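Quick heads-up: structures coming right below.
In what follows, chain A forms one complex with chain B and a second complex with chain C.
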Partner chain A sequence: MVKVTIDGVEVSVEPGTTILNAARQIGGDVVPPAMCYYSKLPGTGGKCRTCLVEVAAGSAADPRPMPKLVASCSTPVQDGMVVNNKSSQRVHDNRGGVVEFLLANHPLDCPICDQAGECHLQDLGYEHGSAKTRYEEDRRIFEPIDIGNKIKLHMNRCILCYRCVYVANQLTDKRVHGVLHRGEHAEISTYIEQAVDNDFSGNMIDVCPVGALTDRTFRFKSRVWFLKPMEAERSCSKCCGKAVVWMFGNEIYRVTARKDQFGEVEEIEQKTAWLCNDCRFEKKEVTDWNVLGPRVINRQSVISQGKYATTIDKPVKRIS
Partner chain B sequence: MESLTNRKKVVSDKPMTFMEKLYIPAILKGMMVTLKHMLKRRKTVKYPEETRTFAPIYRGMHVLKRDEQGRENCTACGLCAVACPAEAITMTSAERTKDQMHLYREEKYAVTYEINMLRCIFCGLCEEACPKEAVFLTDRLVPTQFERDEFIYGKDKLVESVDNRIDITKRQFTGKRTKI
Partner chain C sequence: MTNRKLLLEHLDVPGIQGIDAYVKHGGYASLKKALQKMSPDEVVEEVKKSGLRGRGGAGFPTGLKWSFLAKPEGIPRYLVCNADESEPGTFKDRYLMEKIPHLLVEGMILSSYALGAKTSYIYIRGEFMYVLEILQNAINEAYAKGYLGKNIFGSGFDHDLVITPGGGAYICGEETALLESLEGKRGNPRIKPPFPAVKGLWASPTVVNNVESIAAVVPIVRDGGDAYASIGIGKSTGTKLVSACGNLERPGVYEIELGLSVEEFIYGDNYCRGIAKGKKLKACVPGGSSVPILPHHLVTKTAAGEQRLMTYESLADGGFQSGSMLGSGGFIVFDEDQCIVRNTWNFTRFYAHESCGQCSPCREGTGWMEKVLHRLETGKGHLRDIDLLADINKKIEGNTICPLGDAAAWPVAAAIRHFRDEFEWHVTHPEEAQIRNYGLIQQPLVA
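Moving on to the complex of A and B:
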């Protein structure tokens, strides 16, 4: 076990753990945000640069600070490492710069986007973004296209995190979409439109940190904060069948995987609870599911806004 | 019990004096008050002929605005409904098709948009929440009705007509963004 200090909190982790995962073991404010890294998908990370942290001391043997900020999702910890995330102004400023770059081509059509309310880029922009844009050039504009008959791709909103590509590589038998072109022209696409058709392709929607890949069966149906997320399960031969159904009254509007506090699909019985397309898109009747009860939602989340019970008993700030 | 305030007046029933029994000084005193008020400026207006001017930021009946090209601004984002403390706003949305480009400004539009005027407390939070400058409160009043369901205003009553625009310029520049 190696000892590492993140924002003044000491934690001992397995050797080879990345700084980000060590911070996640502490939890709370010290966890750097991650747009491209997805712990359930090996190989992800290192692309978006939002998780940059300052290493104030490299290790106990060599306590010199690292000259540049490092990507915490792909930097392994060393014994005696001292990391600053929230406590470093330099990290905060840098992250603001990264957010500005991510938003350079982002259309900011949150009022339309189905991801609004559970969007990682929205959270990041809220915390680090500036109210004004310095970008004078025209943004890249793509028409939204249907990839497969259940998924809509809004390339305008994509931040090229490659998570969906890893999902296709690791969950499905063959990948039929990917990133075309390079640099400024890079875009997610299929060569033949409507080509994505695999039992697990719907998980692309869950891993997408922005609203680039959205559910066509839920498209513009409602806003997430008007729906009630309920934990539900059903016996499915293809997947674990454990999901969250988003209900309005007695109707199921959409089905998503269960996500943890980092926005990643939960692990249930040591297995990542990916959903098959059948459960996600076809089973929209209450009788299809065994609804277990309401899902615990963070009070600060907009999803808990519509309900009086959760907004009235807000935690009171104590004067100490 | 002893009174907590000293506002209580103790009633007395002592017999009236001769001067009081005449009543004339008291009547004259009362007439003086009346006369004084006759010379003062009237505080009321003759309502149907005369109306009071509303403050430019008066919060009356809502309007759903259109842009310069006559397209509806509202994109059914639901922020007004979530901001509404009285839960008066409901809406459903749909995707704009190719031949509706001239009707709706954004990709998504409100198929139905209803404000229950009986629930509404005219606080103006919907206007404040709106990111598309679509919903505004105006200086128009909600007329009285005989049935309760007539107070549920749909898009037919809320959206301004293309030729008869509702002027909201006075309230538009109150620190909000000016360019879309």
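Moving on to the complex of A and C:
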């Protein structure tokens, strides 16, 4: 085991653990945000640069600080490493810069975006972004396209995290989509407009941190915070059948995988609980599912709106 | 100063492209010497002694790089030559490969022997197809003579040399992107660690070297590392190819001894012979487009008033505040009529076009800088844009996966640092800025 100190909190982790995963073991405020890293998809990470942290001491053997900020998702810890995340102004400034870059070409169409309310870029913008933009140029524009009959791609909103490409690489047998062009013109696209047709392609929607890939069976049906997330399961021959169904009254509006506090699909019985397209897109009747009970929601999340009585709802002082 | 030539010594020999003329003038003697009289470690030792530093731009000691190569049992090792020379202003490798292709071929076999690589690759830029043919010819000749293939010079050393063209992407000059491209994938730089010396081509230990570095191994083995180290000053040893271009009386590729003064290089009769048409020097980019620009008063003298020399240390004297870098040796000179804003925009346009788009600061930042600079150049900018640019490049620098982000940020930062008044002039004199640009390309290269 190696010891690493992150924002003054010491933690012992397995050798080879990345700084980000060590921070996740501590939890709370010291966890750097991650837009492209996805622990369930090997190979992801290093691209978005939002998880940059400052290494104040490389290791006990060589306590020199690292000159550059490092991507915590792809830098393994060393014994005696001292890392500053929240406590470093330099990290805060540069992360703000990265958020500004991510938002530079983003259309900011949250009011009509299905991801609003559960969007990582929204959270990140709220924490690090500034209220005004300095970007006066024309934003790059793509037409939304359908990839397959179930998934819509809004390239304008994409931050090119490559997660969906890794899903296609690792979950489906034949990858038919990837990144075209380069630089500012890079875009996610299907191989010569070919439709993505695979039983597990729907998981792209779950891993997408923004509203670039959305569920066509749910688009514009409802805002996510009007729905009640319920844990549900069904027996499925293709996948684990353990999902979250988002209900309004007695109707199922959409089905997603169960996600943990970092927005990643949960592991159930040591296996990542990916969903097949049947469960995700076809099974929208209450009779299809065995609804287990309400899903625990983070109180700070916008999805908890109206679902818990908050202190502000209670009368502070009786007015008579 | 004497002007010894190690690489371009036989440049004027007729037919030096062919193997017969090359062998007649001492070619493949180093290879014979190494294979018959030296062990691989002795070759590495000579290169270490020579103090040869990577000629691709970073200036990392080649011998040290070689000694980092992991040597696990049962896993092949590879040597890859980076001939993807695409930095604006740099054309020395192309010149060397075109004129004396056998020097690179000999260097490749020699270096592979030192590293224990059974197969080596030359990854050549896609635009250099005619150079590829020249090199392929040279390789075929070497195979025919038995300098490549099985049991070279009866030493029991087998070697195969393969040449592969890239698709013409600047980013594939970054070593890990080059390896990705060589493996047949999209040329995105890899996240380091692991470094190529541990996990490179096909997850095997790999050394990636510049053309000129590999060619320089030939004279090092021939004359010995100490003889090579005796040329030059301090840690800048040996000779360097410099491709001089811009407003010079006699631009071209020169082989110089490191330690030559910059003044001698620009104005000397043996070199560039001064600024074209008798104009005055305005600025100089001494090491390819990605290094900071130097204003005229810092080109021949450092900020401390010392003479500036063509060495890694002297050109970097003063840090980025008043210095630059030797870089890849793309020596670009501007006369008094050149517009620094336009030049900076041009460089940035290049980087915006060539960014791979993998990590966000570089993908969005280079495009953003290009747009702001284009606005400034065409007289549509605001004074606040200058500070905005300075801030954007601070957010890019050091925060990217590969050095392309730095390469895009440094020239802009330096141009603003040294020529801020010119940027301001573009804002305060928008009409003049537009008139001056009349007739020139106005739209960005990337539509």
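Going forward, the second predicted complex is superposed on the first by the 303 of 320 C-alpha atoms of A that agree within 3 Å, B and C clash if a C-alpha of one lies under 4 Å from a C-alpha of the other, contacts with A are read in each partner's own complex, and residues count from 1 in each chain.
The rule is simple: a contact is a pair of C-beta atoms (placed from the backbone, for glycine too) under 8 Å apart; a residue touches a chain by one contact, two chains touch by 3 or more.
Values in this document were obtained by computation on a predicted structure and should not be read as measured data.
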Fit-or-clash call for chain B and chain C when the two complexes are aligned on chain A: fit
Partner chain(s) touched by A:Lys132 [first = chain B, second = chain C, both, neither]: neither
Touching partner for A:Arg219 - first (chain B), second (chain C), both, neither: first
Partner chain in contact with A:Asp109 - chain B first, chain C second, else both or neither: first
Lowest inter-chain C-alpha distance for chain C and chain B in the superposed arrangement, angstrom: 20
Chain B/chain C common contact set on chain A: none
Contact footprint of chain A on chain C as seen in their complex: 169, 171, 186, 191, 193, 352-361, 363-368, 371-372, 375, 388, 394-395, 398-401, 446
Interface residues, chain A side, partner chain C - complex: 45-50, 52, 67-69, 71, 74, 76, 94, 97-98, 100-102, 104-105, 134-135, 137, 159-160, 162, 178-179, 181-186
Touch list for chain A against partner chain B, complex: 109-112, 116, 144, 219-223, 225-226, 302, 305-306
Chain B - residues contacting chain A, complex: 75-79, 81-82, 92-95, 106-108, 131-132
